[in-house]
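Okay, so subunit A shows up in both of these, paired with subunit B first and subunit C after.
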Partner chain A sequence: MKRLTISPPLAAVLLAIVLFLLSGFLPNGFGGNLDVATAQAVNIVRLSVFLGIIAAGQTLVIISGGEGIDLSTGAVVTLTAILTYTIVNGRNEQVLPALLAVLAVGGLIGLVNGAGIAFLAISPLVMTLGMAGVVSGLILVITQGNVSGAVAPIMTQLIARPVLLGIPGAILIWAVFAAFMWLLLERTAFGKNLFAIGANRTAARLSGVNVTGMVIGTYMLSGMLAGLGGFLVVGNTGVVHIRIGDPFLFPSIAAVAVGGTLLTGGKGSYFGTMAGALVLTLVTSLLTTMQMQESVRRMVLGATLLAMIAIYGRQRGFRQ
Partner chain B sequence: MKQSRWQQATYRHPYLFALLLLVAAFIANALLQPNLLEPTTLNRNMRVFLPLILVAVGQAIVMIGGGIDISVGSIVSVVNAILATQIGLSGDLSTAGVMMGVALLVGMGAGALNGLFIAYLRLQPIITTFATSFIYAGLALFILPNPGGGAPSRLTAFYRETIILWLPLAFYVIALILLIWAVVRRTRYGRYLYAVGGKADAAYETGVPVRAVQFSTYVISGLMAALGGIAMTLLTGSGNAQVGDPLTLSSITAAVIGGTPLSGGAGGVAGPIMGAIILGLIRNIISFANVATWWQTFVNAAIIVLALAMPGIINLVRRRTR
Partner chain C sequence: MPPLLAVRNVAKRYGAVQALIDASLDVDAGETLALIGANGSGKSTLSKVINGVVAPDRGQLLLDGRAVRFDSPHAAKDAGISTVFQELSLVPQLTVAENIWLTREPLRRGGLIDRRTERRRTEELLSLFAGTLRADLTPDTPVFALLPDERQIVEILKAISVNPRLLILDEATASLDSRQVQRLFELIGQWKAQGTAIIFISHRMTEIEQIADRYSVLRNGQTVGAGSMKETTASDLVTLMAPETAGGAVERRRASPDALATRRVVLQIEDLRTSVLRGVSMQVHEGELLGIGGLKGQGQRDLLLAIFGGVPWSGRMTLDGKPVHFTHPRQAMNHGVALVPGDRAGEGLLSIRSILENLLVPSWRNYGFPLRMKRARQDAAAIAARLEVKMASLDAPVSSLSGGNAQKVVIGKWLLRNPRLLLLDDPTKGVDIATKAEFYRLLTRLCEEGTTVILYSSDDEELIGLSDRVLVMHDGRISSELAGAALTTANLVAASLGVSAGVAL
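== the complex of A and B ==
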């Protein structure tokens, strides 16, 4: 008998749509008003962009297997958001240098992670956890508790405001970004090798994949993408504080898991992560709209997450 | 593949490196703080380290069984919230006793919920305990929305000031844990635990009740987190629904420094205890060494990363020199 199966990304998107439609019935929901509904939907997608892009790096390291995970993501987002803020300091011409700088800094942190994992055989969770501490320390050293700067008008314009046909720039950036991620994963040697080392490191090495190089490259890329995330986050909020990246850390892992990427590696897609980011952002903002207490909100979020991973995050049994 | 002598030694004695590190940290600390060995100073340090020691032991047992528990910090917070609100600053000892019993049950219940989802519903440990950590953190905040409440001074004094035969209370707690562990690891359960963490498939084939063992590790971890929460409440004498947050990641670090690999099937309980003490001593050293305030987090984290990287560096150097 063939069971009806829905791919996790599709299931997550369907769940998001159903939840969104149901949210219309809330006391302060959109009701029957189509314009308000569209505006709300666009806003939710816009808010998902930041988690979605930060979770992209997480997707790569998780697919790479070997218990791959990047716990330094949150700290890197904070550091790069602060760097963007100080380097740009309100000037449009500084935006590009700032972007390059945060990519370099994120890449460097990822390089150290990758080197520790590949050469010193430190487990990824521990290495990136330690690195998160170092980066958080670095943030305190650099800022000494206060950050001065500003985002440039052009950043706000491109990221937070509607750019084309009423669609916010962030969403357009995400669409282009997603196309690149798809190309990277499905149409390049890097992508093929990434799935190969995720499925079986030994087999990949024996068939000529440079596993060490791949691992280091993947963590570097994860750092750079977190850097890009930090840049976009601060462009959206316009202000920065020294914990700005923390709320993205575990949700970035959750988005990957909800999107059907195996936490053991070797299988997954960026579309899944996008859908995961969408669902998580939607649930979070719904709980905020419903004006629940912080405590109840956390419990509901935890229970929802548990329910979502229980649907298709199950590992195979011993008898199968 | 031939292993180096160092690798063999660290495999046979997973806590060997932790022991060396502990001695080094202790000497460095004693140089900066000459009265470190005086009973009162020792007690002042150990009572601060004890909550993390308890939580790290639970974390290590989950890790030996091949899992990980991200919810321990939130369980500590729940227990702290329960005790601080239900006992209160003027509470009597019998209420305190009952509430501590309730706290232990709550911890085990929280662990059982983790275990149910991970062992029986086969969800991935890291993401499951992350989700439940939200539930428990929310619960703690629900019970105690604003910091407040507390424990009667008679109880906190017992925790803070008890010194028997020059040794602080924490030493007896540690001795008790080591004793229980020495017995448990020789039982059938102890062997099952390592088998499950080492190779769950093989363990299942040979008739080990894999699911039940996995389940039990989370219950133990919940229990240890609850004990950590009790210690934390008696240490601070106050309630704060976020008090446990930093313990989650520290407990993993302590367990790893103590020679418990995340891949499971190896390690022990002595290592994580040393790991937790090492983390505390490093913090001490930094504050006594007059490191500028803004640099402290960085220096602390850098030393920890170095400590985590050291076994790998040693292996790398030894491989190069042969």
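== the complex of A and C ==
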């Protein structure tokens, strides 16, 4: 008998749709109004973009296995958001240099993470947690607690406003980005080798995969993607503060897990992470709409994560 | 009076492999029984049946004449059967004393561990080997700081600390030096005098002759002989272990030594050293199937890994006449070298990934960007069809395959690259007979096509049947070379055991 199984990314998308439809019945929900519903849906997706892109690097690192995790993500987002803010300082022509600068800085931090993990055999958890501390300290030293600068008009235009057929720029950016991530994971030797080292590092090495290089490259990419995330976040909010990246750290890991990527590595997809980012963003904004306190929001988010992972765990158990 | 332990007609099957068919033995209180047999004859399985690690499919264990059944090593231990394992079972982070008394710690009133008593008893045990151990080895030394021989001794002390009625020593002397072995034999004498029965499993014939009162020989899972050591000789025992068989399951026409000598040298190694190898020199010719033999763990694995760039090494190596020094498998791979590693699940396969991806791991870079998946899939399908891999689809996880089919995938990923030099580390371990036969045909064909093969196998008949020439390894060196008429199972077994050549010929 063929057992009915739903892939985790699909399960997460379905959950997101059901939650969204249910939210219509809330006192201040969209009710039967299709226009309001569409507008709300677009807004939820737009809000998911930032978590979705920040969690992309986390996805790669977790797929790479070896207890892979990047706890420096939040700090890197903060640092690169501040860098963008100060470098751009309101001028459109500074946007591209700022983008290159944050990718370089994020990449450099990731490179150090990767080198520590690959060469010094420091566990990823400890290495990236330590790095988060170093980067946070650096932010305090550089800014002395206050940041001056501004985003450029073109950033607001492209990221926060509708660009094409009423679709916000951020969503278009996410769509293109997702295509690149799919290409990277499924249609490059890098992607295939990433799954290989996540599944079994010894076998991968004995099959000619340069495991050390892959690990360093993956953490470097994770840093760069967090840098891109910081750039987009500040483009969306238009203001910056020295804790702006912190709220993204836990959800970036949760989104990967909800998306069905194995936390032990070797199996997963970016589409899953996108679905996970949608679910988490949706739950958060629902609870905010219901005027729940921060404490309740956190509890519900945590419980959602546990429930999803428990369900996936059972499914795997059934199949084998 | 019944024997202390009698094993009657025990059989045990692991998946496709029939490890024991019909094994029996008796051992009395106060005597030492040597359990002997070639590689893969079932010695370790039989000892695991006796000490409760595996449950037999058929047969009986009689303790003092009464039928017993051990569901766990604990149950066997409670009945007075204690084992010194071949794979060490110590916890590295704990101290010597903590390891010896693990789960049996002496307690004070109130349930706290009585460290002082634990230390004192451990010191008494360590004093048994006094003079053969480092002076600074104390009960408080952590096990990770010990050398292999010291760990082995702690393992022995742990087994003896329960005052067993029956002590099983499974290759317990393999890592000990000669003084330690002599001390162990003195102790065995004392334990025998106290009425302990001992089952001694070893590959070293001289030790068996020195310590055993009686012997029991296993061959292919069957007990083929038993008796008193006084009434036998080493060469009789070797004949029992490996009778001269005609042909066997493997049929391949050997290339003559003269014909081989005229061919191009593909790989030449001089004075190869690693942490395990102690100076290995050899030559392999084009299209030759070179066998590597010897007891398990004599450096065969390291030799293959070193050639493949998997472990650091020193020495000289030339491939096709050009000096090479691979430091990563990728470099070896790019020179047409391939390795099928010995631990299939741990080193050969990405269990949770698909068959397709397992076949293509070494080759993705040949498919451009973006990867040409259609071509990749065709290539993988072609190799799977050529090797007759029985599978649901290329997208099924490789963990869904049987042992033999999974091994085909490991071999297939290298055949996809047409290797010139194929290294195989015990490739038919845990593989069913039908697949083995397919595999022998495949190797024969590859050699005919000019591929050079270096094969290590723990199956002596397979090694003799397939190889043009066999190098026997002992303790990180090549101890002898068998070729032409001298290439027989009996000679291989004798050379592996270090019995002088004259005995078995």
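Just so we're on the same page, the second predicted complex is superposed on the first by the 312 of 320 C-alpha atoms of A that agree within 3 Å, B and C clash if a C-alpha of one lies under 4 Å from a C-alpha of the other, contacts with A are read in each partner's own complex, and residues count from 1 in each chain.
One rule holds for everything that comes next: contacts are C-beta pairs under 8 Å (C-beta built on N, C-alpha and C of every residue); 3 or more make two chains touch, one makes a residue touch a chain.
All of these numbers come straight from a predicted model, not from anything done at the bench.
Looking at the shared chain after the overlay, A:Arg161 reaches neither subunit B nor subunit C. More residues of subunit A lie in contact with B than with the other chain of the pair subunit B and subunit C. Using the contact criterion defined above for the overlaid structures, shared-chain residue A:Gly208 touches subunit C, although it does not reach subunit B. When the two complexes are overlaid on their common chain A, residue A:Val141 makes contact with subunit B while staying clear of subunit C. Once the two complexes are laid over each other on the shared chain, residue contacts for A:Ile253 go to subunit B alone; subunit C is not touched. Shared-chain residue A:Arg243: touches no atom of subunit B or subunit C. Of the two partner chains, subunit C is the only one that A:Ala196 touches; subunit B does not reach it. Applying the stated contact rule after C-alpha superposition, one finds that A:Met299 touches subunit B and leaves subunit C untouched. Of the two partner chains placed around the shared chain by superposition, subunit C is the only one that A:Gly266 touches, whereas subunit B remains out of contact.
If you check the complex, the residues on subunit B that touch subunit A are 68, 117, 121-124, 126-128, 130-142, 145, 200-201, 204, 210, 249, 252-253, 256, 261-263, 294-302, 304-305, 308-309, 312-313, 315-316.
Residues of subunit A touching subunit B in their complex: 67, 69, 116, 119-123, 125-127, 129-131, 133-134, 136-138, 140-141, 144-145, 250, 253-254, 257, 263-264, 293-303, 305-306, 309-310, 313-318. Subunit C makes touch with subunit A in their complex at residues 308, 310, 328-330, 333-334, 339, 341, 346-353, 357, 360-362, 364-365, 367, 369-371, 373, 399, 413.
Per the touch definition, subunit A reaches subunit C in the complex via residues 183, 186-189, 192-193, 195-196, 199-200, 202-210, 262, 266-267, 320.
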